[in-house]
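Below is one structure; the comments refer to it alone.
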């Protein structure tokens, strides 16, 4: 008897249909992957099962959890169901736990709410659960507070909370999107073990095809609120009957075509020598002055003309601090940075403004990169502030049109406000802003991380095309190895403020030398490997 | 956390010193000479000069400032020009009325505001929410001295439930004293309760949208359980600051209400002292009020650290 | 913090509060509570001139050699009787037997000598030092007799000795009187809750006739509405000088109360700065007097209570001359006078002290002056600022104030006085008055003085401040008029 | 901030917002009254007619007459002019001095200047505002101008703190970093990027402070320290009416209602603006 059956589910929110004709089933001990881009309705499906739909929404169709039909259950019965028959974990671990309550109480609460166990009993179960999810007692006592834990550890506490009463179904809505690659691998393994040991059904919701390919037994692909294709994972991947599945698949594995190789031997566009960046630490108490935290520890590298260099590393390794140092947004504590051979900024001596025109930047969040009050025309021409001979009238217009068309937008867009554009279009405008002053180097700090897979592919193509056409070089910073692999010629791998390995992109990915790089490459779920290996890797473990 | 509190303590004491300097200088700028005021309209000029000498009004400025501050530290606020009684004694009498009145008003305000704010937030955008918000809008808009006049008209003159004002003294029994503070407390509490209810509501609404509330619901807690166990404590933290601010405002804010109800509290003492140009009393009361505000701000910081573990020292 | 226990406590407090309010307080018969608008800065009548001090202690706690009667006549006080020498230079007072101070110390001639010498000493802080200026020496003849020698004859010496500033204090307790007054009167001081009330209680072994009250409480309520509410709610038994004349009609309509209307020594005037052009021109001053409609001011500001006056003299005084006709309300004449004086669109600074007669009167006068083309710019000031700016610095054009000291027409003779008159002829009249002891001669001189200041239009004389008192209908013996600043409780009692 | 900023739709949603509309109508009513009073009032508010004093509302005097026989409606209209003018200039002072201070402190976060400005703010906040306003007007003499200065001073820290808080959160935003990469200095960025984006917050707080200023002016006038006669002011009308409250209740109720309605109107408008400016807050944040 299947743990969860959903048949022709339809959900409307304030008159707008968000989900329609959804049919899914989930067997105990199996993993159902639900894949779709943002706005496809995958989270709404999960919330329908939990009956936590937003205010003012109406649903119809039939959902039965552990045999009982949700439509017949009143609120108290639903409260009984949540936590006991179905558990749920969410995307953002940093805010998923109550900051003013320790982890022991929060996990024990699930037990006490349902079967009114005494505080002591509930605590022992909580201890058991925390050990079960890999948070041993010696350094994770029950009275610790969420703010003392890392993202991965908090997600483990959330999982402990969800499975405290051994529910039949566990729903995981983008559980690892906010985590680093290595932590993501550990959490996914934990979920796989729980499904096998507890004979629990897991509905894994994600936008990342690679994650689902290596894990899910069956898969359902959602687009604009309806299931476009569903079935056993390997048959869906081999068949790919629906065009959207094919588009999604190709966008995920997309590698833009690149012609030019780097021209070495010219003076480097950017040379970073022995750079040090420290953060002052708050004093523990009045007298003991704590040593500063060294975020960037004597880093040195060069970028030659036309060369695209990638900088990868997990969050907290110092890559953003390095980027800000290169852009001279923060003062250096040691070393120096040169642009085209001229000293741009060094320890103690601030940036030389006239050199700034040689380097521009594109940020991660398309919605935060622009002043909502200015029109595109004014946004894009901001860098002209650096050029003393400011252009006027006609040639300024021409420059704007050229920049906009270069990135695939029309000149008529110049008079619009930024809120009238989608995420992808905004990133194009950001690139136009960087291009307009014809810099030698563009620093891209997680430039595509916030975009959906299909849009990301288009932006990568744009960047590849630009670097071929204009003699332009990139410093491409990202935590997503697959993106870096697609666009860069050379890669620097950073860990704890130091560059542990660097070299040509392909050689780094084919046979990484440094143990950390090896761990990083292995942890990155890759679509081809999962499909090529078929289910072999996966089957062995099922029946030991 | 101790470093945080220590830093707060130092910055607040600096503010206190700066405040004492500012107050002293403003006092010097006040025209009107207390001695001539005390001697009355047909007083003999020679007698007025003798009195000035007697009260030490002719000493140089810095000397008087240092003398005053030295006195402050030992709790001696100097002698009042008009009453010729140690100011500390005067203030002690008056604080015995202003402090209970402030606490009474604060209690009323909190008792009205918390349930109203919580109810409004729990039933967001419902009829109850709109009516509570409407009431608080009105509460904030009503000038409290006008409301006091209406209270006196209705309850003291027409219904004669309460005395129209005055204070029988604590020795006349706790209940009699509290009775005479009831109407002033209500007049003071009305605007504060409205502000507090709005802050409580918006703080709770913010908390209800946090992710951990959704996690709590997913664990099987009912809507009210989730609100009580998780949202309330998180929402209370910002509300603490407002209560701290209101305490210091009420302590000094009663100045007009004390006049309408002729309560001999701190507000009225300082108001009369200003009109009688009794600079020593004005100076002392103002520095006392500033000190109270600073102490309350520090206490609120302490409460913050206690209520919010994120501020406690990391393990 | 769980909120439930707190809620229960507060609700019970409120309920109890309501409950208690139900039973009206029963007025005990042997004590009385009197309302006063201003709180005395201290309780030593010889150490400050504020009217409030005398209103609490005069005749109740302290007594002088002589004292004022309810109608202003001079009666024997601690001096049983006295003989005045032919040349009017020596006064021999026969003192009361068996009188004593509240701290038990005996009253004798020594105390009288001490009090008079203290008041006229060089470094004395007595506000009315001028009263004792003529005394050349004070001799103790025997414990019950004192002989006072004057430098020059002074017809009003006995009148001066009746003032609150001339009361007799004991050598031992003189310095402590400010906070703990010790006198020979029928009531002794019991408690002073600053800002709220002063309590007096019966002094068992008082030398004179026993008073009919055990306890007298003076409650200080400056706010007129609070005063009205306190009387209506029964918190007070009487308010001799009720601050809000507009409420008197409501008290008259209520059987529980009796409204007592009398006259006071308060001549309310629109004082003009005689030395500041264009006010130094008599025509301009006369124009201002004619612009003013006294009756409108009395109706508007004092709700009809008050008698118009044409000069600086109390109408109830036999020597009063009605000169209101001389400065009748005549806007036409006023405009003509201004034209004659060659003054057009005149702007004057009108500074108003706190009392309502000034603040309200000021608004009415400003409107009346506007009718004749004079703009009066009003600035409300506190007493301290009025004394500094107007009284001492003379930095004003017009101001409104009521002089409540008895028989104070003499101020027109002072040179440094704030309206800066100091006319030689007037000073001569005053000098003659000081020497005249025969009553008819004094009346004639006083009338000449009144005519002089009216003709010179020194100030615009508005009205005599009425004494508007309210009291519980069953309370008897309160003074209707206030010949001096006092609340004499010696004759007050509850009707059975 | 993803606000919907084209003018057309802003006005359309504004019409639909009940709180904003009621608030706007009430406030506009009194502003109109104030403006009309410059040109016309039923009677001359300064003209005394002692004979027909204390009349309750009648067809001739819609809102009755006061203890000097002056027409209450005319006094309310001219009083509106005083209250609104005092509040407007006082809040103006608060903004013009407070906001640049706040922006300057935010741009130099953690520096000595930031510390000084913040300590200064704490100092002014620590002072009991009404008490100091009374002292200032007592020291320099009562009058509308001194009331404006006294109330203005206490608005400066409010706007300084608000501006600094809002600016601090913006300084970490990407588009500010982009501007810095484009070489713009602190002052230029504060003016071009930060100020326009916190303007909404300032307007909302402005309406709230405006209503508080009206209450403060009424309180000062009530104790005799606001606008001086013959200029009518609501607070002083209340003070005059106080002793006559049982004799002529309309004299106290009418100015009281005038203050309440104006302040209510402004607060409702403030709330409405807060919702309209930031759709994220459409949930009716308190």
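Letters are used for the chains, namely A, B, C and D, taken in the order the chains are written, and counting of residues starts over at 1 for each.
One rule holds in what follows: a residue touches a chain if its C-beta (ideal position, glycine included) is under 8 Å from a C-beta of that chain, and two chains touch if they have at least 3 such contacts.
Because the structure is predicted, anything quoted here is derived from the model rather than measured.
> Busiest chain-chain interface by contact pairs, anyone?
B-C
> Hey, which chain ends up farthest from subunit A, C-alpha centres compared?
Measuring from the centre of subunit A, the most distant chain centre belongs to C.
> How far is the middle of subunit A from the middle of subunit D, if each middle is the mean of its Cα atoms, in Å?
47
> Subunit B to subunit C: how many Å between their CA centres?
Each chain reduced to its C-alpha mean, subunit B and subunit C end up 38 Å apart.
> Distance-wise, how many Å sit between the C-alpha centres of subunit C and subunit D, to the nearest whole number?
45
> For subunit A and subunit B, let me know how many angstrom lie between their CA-based centres, rounded off.
50
> Subunit D: which residues touch two or more other chains?
Expected reply: 138, 242, 245-246.
> Would you please write down the residue numbers of subunit B that are in contact with two or more other chains?
Correct list: 31, 149, 157, 259, 274-275.
> Go ahead and list every pair of chains that touch.
Here the touching pairs of chains are A-B, A-D, B-C, B-D, C-D.
> List the residues on subunit D that touch subunit A in their complex, please.
So the residues of subunit D touching subunit A come out as 1-6, 173-175, 177-184, 188, 192-193, 196-197.
> Help me check something: in the complex, which residues belonging to subunit D touch subunit C?
My answer: residues 46-48, 50, 53, 67-69, 138, 141-143, 224, 228-230, 242-247.
> Given the complex with subunit B, which residues does subunit C contribute to the contact?
Residue list for subunit C touching subunit B: 3, 6-7, 10, 13-14, 16-18, 20-22, 24, 39, 41-42, 48-51, 123-130, 178-179, 193-196, 219-223, 225-226, 228-230, 232-235, 354, 382-385, 387-389, 391-392, 401, 403, 405, 408, 411, 416.
> Within the complex, which stretch of subunit A touches subunit D?
Going by the criterion above, the answer is residues 324, 327, 329, 353, 356, 359-361, 363-365, 367-373, 382-383, 385-386, 417, 419, 430, 433.
> Spell out the part of subunit B that touches subunit A in their complex, as residue ranges.
2-3, 6, 210-212, 214-222, 225, 229-230, 233-234, 237, 307-310, 313-315
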